[in-house]
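Here the structure is laid out as structure tokens; the discussion comes afterwards.
For reference, chains read A, B, C and D in written order, and residue numbers begin at 1 within each chain.
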């Protein structure tokens, strides 16, 4: 099972802070997005959205997320 | 009687924070300085020393201090 | 000294400042910034504010930020406390303090920390008004503030 | 709100900050500067510091300075507290706080107030070490700091 976390406003777009998906083999961002509706897929793929795989920021396309992994989608921050 | 106040390090130069002098008629800065030793007179006349007559800063030479007045000599400040 | 913490419950910034200034009473000067929950958003009254974080990144990011300040300015100490969770108007959100021998260093470092906590640290903020919850978006002004520090390694 | 005071006895800056932040909890941000008596002067241990003022000018000058800050920056409030008399290492000398909706205004105003309190306000400071009392002279650095604000009316 792959855990997906949606931070900030992505929680509203995804309809909740967390999803769990079964993956037979490690998947790419495109393969994950293919399971989302168009709006969520677009926001997840937006360059302002950062992605953390097991708590480490990843960039580009050379990563895969598989069973037991946690993938977090981090929209632009607004702290302080 | 004219009251003279020496603030900050001028207190050490004057040998105390305050002096009282009898004045027959209102006096100028030069006339006051004539009563001081050379070191104090020089420091009092230095442009970095401000002078307050009855609590109001005066500049230039067109003031006189007389009986009942308070004249304060204010060297460069060091607060905070 | 570096004191970086996420705070889950309402805290007393004046008590934190008292402890920090007692620990740094030889430093000469301490600059602090305290952010409190505002009572209004535009024309609407805010009755609640919520701050979310991301466990694996938020505190390590704040620590790295504090280390950057400590490496650049001659500071005796840095404190950076940030609330998460739900807050009421008037509650403290963020408290930053920098102690230094020279006050200009303390001012610059506190300013630097706040600009980064506002637009680089891993926090997401939403406000609740009569119209419901609304996520706060980063502002152009925050990005411009951040650009001032591009020269700090 | 303007709160300008000369303080004759040791005071608790965190209590003052607690009151100021409670009074300005809708402002968004509060920047403070706290100056404390240092423990050393060069290589010598300082055991006492004394601050003198000049009654007719010192408080009016501080009030005029606070008004200048209030006129220039959109501030919700300004506090400027300054000790006089004899102090021990670690005692609070000066506490400045500025509350503002936008934190950059609060930072700038607090920085402005401190630069002026250091080199324009009517205070004279002397330190006591094993070598006796020594009056503190203004530093070139203080004058340079002040020049940054020449554009503020």
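Going forward, a contact is a pair of C-beta atoms (placed from the backbone, for glycine too) under 8 Å apart; a residue touches a chain by one contact, two chains touch by 3 or more.
Quick caveat: nothing in here was measured; it's all calculated off a predicted structure.
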{"item": "Most distant chain from chain D by Cα centroid", "value": "A"}
{"item": "Chain B and chain C: spacing of chain centres that average the CA atoms, whole Å", "value": "50"}
{"item": "Chain B and chain D: spacing of chain centres that average the CA atoms, whole Å", "value": "27"}
{"item": "Length of the line joining the C-alpha centres of chain A and chain B, rounded to whole Å", "value": "76"}
{"item": "Contacts with two or more other chains, residues of chain B listed in rising order", "value": "none"}
{"item": "Multi-partner residues of chain D (at least 2 other chains)", "value": "35, 114"}
{"item": "Every chain pair in contact, whichever chains are involved", "value": "A-C, B-D, C-D"}
{"item": "Chain C - residues contacting chain A, complex", "value": "35, 51-52, 54-57, 82, 93-94, 114, 117-126, 135-138"}
{"item": "Residue ranges of chain A touching chain C (in the complex, touch as defined)", "value": "5, 7-9, 12, 52, 54-57, 72, 74-80"}
{"item": "For the chain C and chain D complex, residues of the former touching the latter", "value": "12-15, 17-18, 21-22, 24-36, 38-40, 89-90, 92, 103-104, 106-107, 110-111, 114, 145"}
